[in-house]
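Report on one structure; see the data block that follows.
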Amino acid sequence: MTRPPRKPRKPVASGAISDRVLEPAAEAELELTWKDPPGFWGWLVTTDHKRIARRYLVTAFLFFGLAGLGAVAMRLQLSKPENTLLSAARYNEIFTMHGTTMMFLFAVPIMEAVAVFLVPLMIGARALAFPRLNAFSYFVYLAGALTLWIGFILNIGPDVGWFAYTPLSGPEYSPGHRSDIWAQMITFTEIAALAVAVNLTTTIFKMRSPGMTLSRVPLFVWAMLITSIMTILALPAVMLASSLLMSDRLLATQFYNPAEGGDHILYQHLFWFFGHPEVYIIFLPGLAFVSSITATFSRRPVMGHIPMVLSQIAIGFLAFGLWVHHMFATGLPHLGDSFYTAASMAIALPSGVQIFCWIATLWAGKPVWKTPLLWVVGFIVTFVIGGLTGVMVASVPLDLQLHDTYFVVAHFHYVLIGGAVFPLFGAFQYWFPKFTGRLLSETAGKWQFWLFFIGFQLTFFPMHILGLLGMPRRVYTYPSGLGWEPYNQIATLGGVMLFTSVLIFVINVLVSLRRGALAGDNPWDGPTLEWATTSPPPPYNFMLTPVVDSREPLWEHREELPVMEGLSTAKREVLTSSPSEAEPISRQASPEPSIWPFLSAIATTIVLLGTIFSEWALVWGALPLGVVLTGWFWPKRPRAGGEAQ
Amino acid sequence: MRRPASAAAALLLCGCTGVQTPLDPAGEQAASIHTIWTLMLWVCGFFYVLVIAGLVWAIWRNRRVAGGAPQASTHDPGMERGLAIWSAMIFVGLTVLATWSFFVDRSLASTHEQNALHLRVTGYQWWWKVEYQEGPHPWWFETANEIHLPVGKTARIELESGDVIHSFWVPNLSGKMDLIPGRHNVLDVTPTRVGVYRGQCAEFCGFQHAHMALTVIVEPQARFDAWRLHQLQPASTPATPDAQFGQQVFQSRACGMCHTIAGTDAGGRMAPNLTHIASRPTIAAGTMPMSKGALAGWISDPQGIKPGSKMPDVPLTTTESSAVVAYLSSLQ
Amino acid sequence: MSSRFRPAVRALLGLVAAAALVGACDRELRDFGSSAPEAGPTIQTTSLTPGPGGQVPPDPRGEIYEKSAAHVSEGGRLFRWYNCNGCHSNGGGGMGPALIDDEWRYGSSIEQIYGTIAEGRPNGMPSFRGKATDEQIWELAAYVRSLGGFTPQASSSRNDEIRSTPPRNQVTPPKPSAEGGASVQGTAP
Amino acid sequence: MAEVERRRTWWWIAAAVVLAALIILFLLKQTHYSPPAAKMTTPAAYNPGQPTADDGQWVMPAKDYASTRFSGLNEINVSNVANLRPEFTFETGINKGHEEAPIVVGGTMFIVTPYPNKVFALDLTKPGAPLKWSFEPKPAPASQGVACCDVVNRGAVYWDGKIIITTLDGVVIALDANSGAQAWRTQLGDINRGETITMAPLVVKGKVLVGDSGGETGVRGWLTALDAGSGKIAWRAYNTGPDKDVLIGPDFHPFYKMDQGTDLGVKTWPPDAWKTGGGTVWGWISYDPELNLIYYGTGNPGPWNADQRPGDNKWTSGIFARDPDTGQAKWFYQLSPHDIHDYDGINEIVLLDLPIGGKVRKVLVRPERNGYVYVIDRATGQVLSADPFAYVNSSKGVDLKTGELQVNPDKVTQVGKTVRDICPSANGAKDWNPSAWSPRTGLLYLPHVNMCMDWQSAEVSYIAGTPYVGAEVVMYGGAGGNRGAFTAWDPVKRRAAWEIKEDLPIWSGALATAGDVVFYGTLDGWFKAVDARNGQLLWQFKTGSGIIGQPVAYKGPDGREYIAIMSGVGGWAGAIVSGNLDPQDPTAALGFVNATQDLKKRTNTGGTLYVFALPPRR
């Protein structure tokens, strides 16, 4: 794309807005105030949401790669019948690791990472509401991820599926600590995800720039808000499920023992009450990326802002009403199941509305075919198939045939890769300059896109047919003669293409980090506030707080952006505002870098890992945890605060 | 983009026969589910074509305009109307599908066959126990990894689990149903076509989930009755000295601890009942077709063939092993 | 960004890996064939009299089996499959003596328990040699040890059954004095 | 028919009058010293048809063929029982459950101990009852491993100069009563298939009747008749399998339709399951010489897990009437068809003539494990009444039209389901421990339990010689806080006259005497005498160990009345002590341990005979 013809606009961050500008001395002071300590210590103590988000991004992407390697291994194993490349035990471990990693260590964290990076920028805030909590989240997430993968490397990897159904994951059928590691990994990652969700929700409600009323909140932020609220509501269910499982395994409680009044269906209810919203927790951020990319590259705002927002809210609501469609085959009363059929199908409506709006935006706009927009088109083509097969499996009778077959594998990969990973790669391409200051290579990006797109269809489309030919999921091998061989071979081939595509992306990133074109503040002429500051942004994000009077502030004010002063430069201060009208309320002190989040994460890790082996870890582990939390919450000397002007 | 479309077309043509596919129904239940599939495929296919058409149109229309200064958000009544129509279409489509699905579901749930054949299928890691109930007195007999059903008669299958969750799925006959410890599920199956079908466990159940299949043989009533009468008999006494030695070995070694052969002292209930094993089409839950060679292989190296299965490597001499094979293959 | 966190990640990885390697995971060992060296020393059973009996040479297989959670768990399954629970209940005993107390008539070492299962004992304990494979007898012996509280680390807390014994992974290992068996009451098996 | 009955009635009234007259005569003459019956003669119990006085002997555990356990002696009575004191004791040296009844013939008392089934003959004519002879049958030690519920023995029997015993390893032995020399020895059971013998034999018309134990090890139950003189097998009737094995012939006329048909012992089982189907005979046999029928109950079907044996499981958990000469079955009534709670049908059968519906009928009274007292016409097998004597929720009554037990569907046990709060528990509202009947009060004295259970069925393999149970059971005390009860039951009015609540389950037999005193013992060792009319506790004595034996009364060579009881805890109820089981496991001893967790703290093992008498008059 040709650089949009525009006059150089002085972004707020560079402090050159004519009459309202910080003195160089003040600017230096601001820089000093928000700067992290240097070196490794600075890495440990930082509370800068951008640094933490980048860390999150890299870590999550690393696990994406590991889980992808697992997928390739599985595809190779399945490339021919009765293959012996992987043993049954190893295959079961790998598909467990693949699912678990993709869901808990990649999809959720990476979406949160993008949100953690961009949300404060998009709402014109200096920081997140709880910066230290954010640091804590990352460390806890990292500890959980390492627990799982080090376990796998040491041959104690869980082998009970990412859903870890009891009784297979229970004390009788999973001896050793494999299931414990899975269950505790859940606790780790869910603590982290909940903390991020609380953080984002608070930030979005309380820290928007003056003038950014709810009706001016960008679609991206809306999606992240709904995602965060869903996270807060859904994740406790799975933590409950896994904690009860732990307690059954460690303390011989009887939650999942029908002989003593427990129930295996209870586990499934708890798990899917989380598990289904989880899909939308992953997918709504994807929609957020799509909306941002579509708007920028269509050169116009997304058509139907209000229907879009309402659709997202509707998805958020409906997502909690259809978990039972994962359990149609468990023999629950059929009449009740029909309700979940209706709810599951109903969710196609808001999804359909959004698809319409994006296509309409493309239709009405002047689309520029940069790589991010290709990903959007790829998203629509792919995701709609997943959505439609979703309607199919929502039907109770049809699901009884399709459930737990490769048809479902195909379906949810179309939904999750189509609905989240395609937009995510688009988002990488789109925001990479903001993350790093440099552009990714367009050529490599297009190669990556086409390889990925074709590889994806080759891998997963045949799985629909495999499912219809009766191939069940989670089988480490299959007999010949059932007509499954050709489709499996095509899928394996596609899998290799996918892997190559991701390799290209990795190389693209590594090369572009050093040699990529310098991006400037707003390389794509994007409309939202994150483009109003430097790339990458300074630790304090904005020198002066932007004042917003439109949904597309940078398109509205092409010359200069209205700003507001009054936040201290000598100490870390953020502006809080009212939840709906975003009227400034107060100047709030924002915490300094601190080692306590890291120490707290260590203490949490000790407790959680200890409880795999002994319930006494809860007691003794509470001591260090108490110490670090005391340190964390030790009252600071009251500082001068006060009302903003 | 073209790939899925052509593949979808291929899908319509392919897979219309097979022993383990819902696309080739041989039972009433599978047939009525198949109607939903057909309807779904057409309705969803229609919507997909519509979406793709819209997308192509949008891209085609703007093929020459690209970039430029951003437009402001505009109020476009045409677009709103389009959205309303689109939403209405989705709504109608969903209503049709949901209603159809609901009625099929009701029809599946409301099979109240008075005269049904009663069976109980119990899932174990990793095989199926099948028990039949017949007649005024509950004469039960037991077999494993095979189900014989008379054509045209509803079979009421009670589903239970002996360890973890399994799922009973014979796609040509009906949808799947889970076997959950502590719960009791029932599945009605009405086969309408004579044939041999294959079913497989459809819920992950541990190491050998992949090797947990069963064979369903739908046959005319007369043949079924003959089979049933035969199943009620105890095992035939071995005729050859080799087989007699095999029986001795079977009873005195670990075999009889887990397997039953009716009429002998082998009374284990934890593994498949082998009373009429030689008449079954497969061994080791569909892992291998029945043959002397397969039996010999299975007996000598179960952990190599089906790692993790509960069948131990029993150290037998070659003579003992071949005697056991001779004995087992005499159990017609 | 990456250069800044790389040392940290490396340090963390190293730390966790080192910590995990310290307790190398015998417990998680699960081989489907015989996981023990085939040619161990021959098991010598104790004399068929009550009491600790003569010295039984330790067998390297014993430790492998009783430290593996998978083997102990398989032993528990066989304990039910082979009707051991018919006499010994879930360890509390019945027709046979209790296995969760600290009284071991024929010795409590895994080799001695192996001998008891393989050869039987005169007061009613049948011999399982030949009926069960060698590996299964080791697994049974390992499970019986876990009932006695000798291997809480490798034990599961409970089965999906009616509540019976205290959680086996929570049992305090018996005092060393109980090893080798002591008092004998009555004449029953 | 009516005429016959009238004639019979008259006959009985005459007998009763004569008996009463003799008793009165006896009472009047009590001061006279009668010389000891040192010579062993055919005792009165073997002539139940004859109106004779109680000869003061105790020749079979049930006292007489009618199984009344009633002693006509009345020296010890309500007014003086408080003075009862131990006269002598005898230590058996065996620390297992002593369920046996001592046998007294002439001046000798015979005791057969639990495994190793030693026999002791005590000379009652000498002070302190010294040992006259003893006999060690040396049963196979391995038999201990297949005895379900402790290695008990329920007593010996005297016949024609011989003491006949059974041993745990399935042997019947006849000993010369005077010398202890072995007369013959016949192996009946095979312990390698789980067959043991714990019951006391009964001799009827020169035939020793013995059944096998092992309902928990998958045996096939039988009753065998041996020639008392030679020990040769006369006939054997199986309780499962084809009619020819069960000795069902043309004479077989069960009253209810459910028990009619051919080869039901095969057809009511899954193929071949009858071969390991239980239906053992380890309880009591009664005999009616007039009808020439023996009556005995059959044990539970095996395994306990009822899912493995769908069907009615004939002929388990029922009552057979057979011709003692040929063994041919006359009638059968199944008390618990397709038993799902281990309700063995082996309890005592008391043969009585009771006024029912205005006329005296020849009935048998059976306090059954399932919690009902059955009154059954002993000629035809018709159930006249069945009333619960304890709290029962496992069934809702007995349909007198069809004879069927109305099983409570909520309490049906099946695999994959834990059924809670089943009352009574697997040992029944009352187990083997026999009741006593007093013709003086018209009450049946039932020593029983008040227990409930949780039950989980489990798949179980048949492995010869190992337990074949397939159930995890946890028992506990029933409502009311008492685990045991001693009930005086009026079979005519069909209600309890009175009841004593005992903290621990009662596992001892009962004894009624003409002195209107009833005796029983408790698991913690108290031996109690209560007033037969109102249950008032008159006397009690703490013995060395828990009591699960059967009290007997006899007249010593010195003419005094003695009461004897074995003390030695064990059996199913006391296995926690005798087997040193661990109460941490509530399923131990098939779940009984949970109900008697405290027993180890309240008693200890032992094996002692206690004999009581009043202080000799000066």
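Side notes on the structure shown:
For reference, chains read A, B, C and D in written order, and residue numbers begin at 1 within each chain.
We take it that a residue touches a chain if its C-beta (ideal position, glycine included) is under 8 Å from a C-beta of that chain, and two chains touch if they have at least 3 such contacts.
The structure presented is a predicted model; accordingly, all values stated were derived computationally and were not measured.
Across the two interfaces under comparison, C-D and A-D, the one joined by more C-beta contacts turns out to be C-D.
The distance from the centre of subunit C to the centre of subunit D, each centre being the mean of the chain's C-alpha atoms, comes to 42 Å.
Separating the CA-averaged centres of subunit A and subunit D is a span of 74 Å. The distance from the centre of subunit B to the centre of subunit C, each centre being the mean of the chain's C-alpha atoms, comes to 38 Å. As a whole-number value, the distance joining the C-alpha centres of subunit A and subunit B reads 37 Å. In subunit D, the positions touching at least two other chains are 416-418, 456, 460-461, 463. Residues of subunit C in contact with at least two other chains: 81-82, 131, 160-163, 166. Shared interface positions of subunit A, i.e. residues touching 2 or more other chains, are given as 89, 167, 258-260. Taken as a graph of touching chains, this assembly is complete, with every chain in contact with every other. Subunit A contributes residues 1-2, 4-5, 87-89, 92, 160-161, 165, 167-168, 173, 258-259, 263-265, 299-301, 303-305, 307, 329-331, 334-335, 337-338, 341-342, 345-346, 348-349, 352-353, 355-357, 359-360, 362-369, 377, 380-381, 384-385, 388-389, 391-392, 395-405, 454, 457-458, 461-462, 464-465, 468-470, 472-479, 482-483, 525, 527, 551-552, 555 to its touches with subunit B in the complex.
Subunit C meets subunit A in the complex at residues 1-2, 4-5, 7-8, 12-13, 16-17, 20-21, 24-25, 27-28, 30, 69-70, 72-73, 76, 154, 156-163, 166-167, 169-170. Within the complex formed with subunit A, the residues of subunit B that make contact are 1, 3-4, 7, 10-11, 14-15, 18-23, 30, 32-33, 36-37, 40, 44, 47-48, 51-52, 54-55, 57-59, 61-62, 65-74, 76, 79-80, 82-83, 86-87, 90-91, 94, 97-98, 101-102, 104-106, 108-109, 159, 163-165, 167, 169, 171, 174-178, 180-183, 185-186, 198, 200-211, 213, 286, 307-308. For subunit B in complex with subunit C, the residues that touch the partner chain are 181, 252-254, 257-258, 268, 270, 303, 307-310, 312-315.
Looking at the complex, you find that subunit B touches subunit D at residues 133, 137-142, 160-162, 181-184, 232-234, 256-258, 260, 262-263, 265, 267-270.
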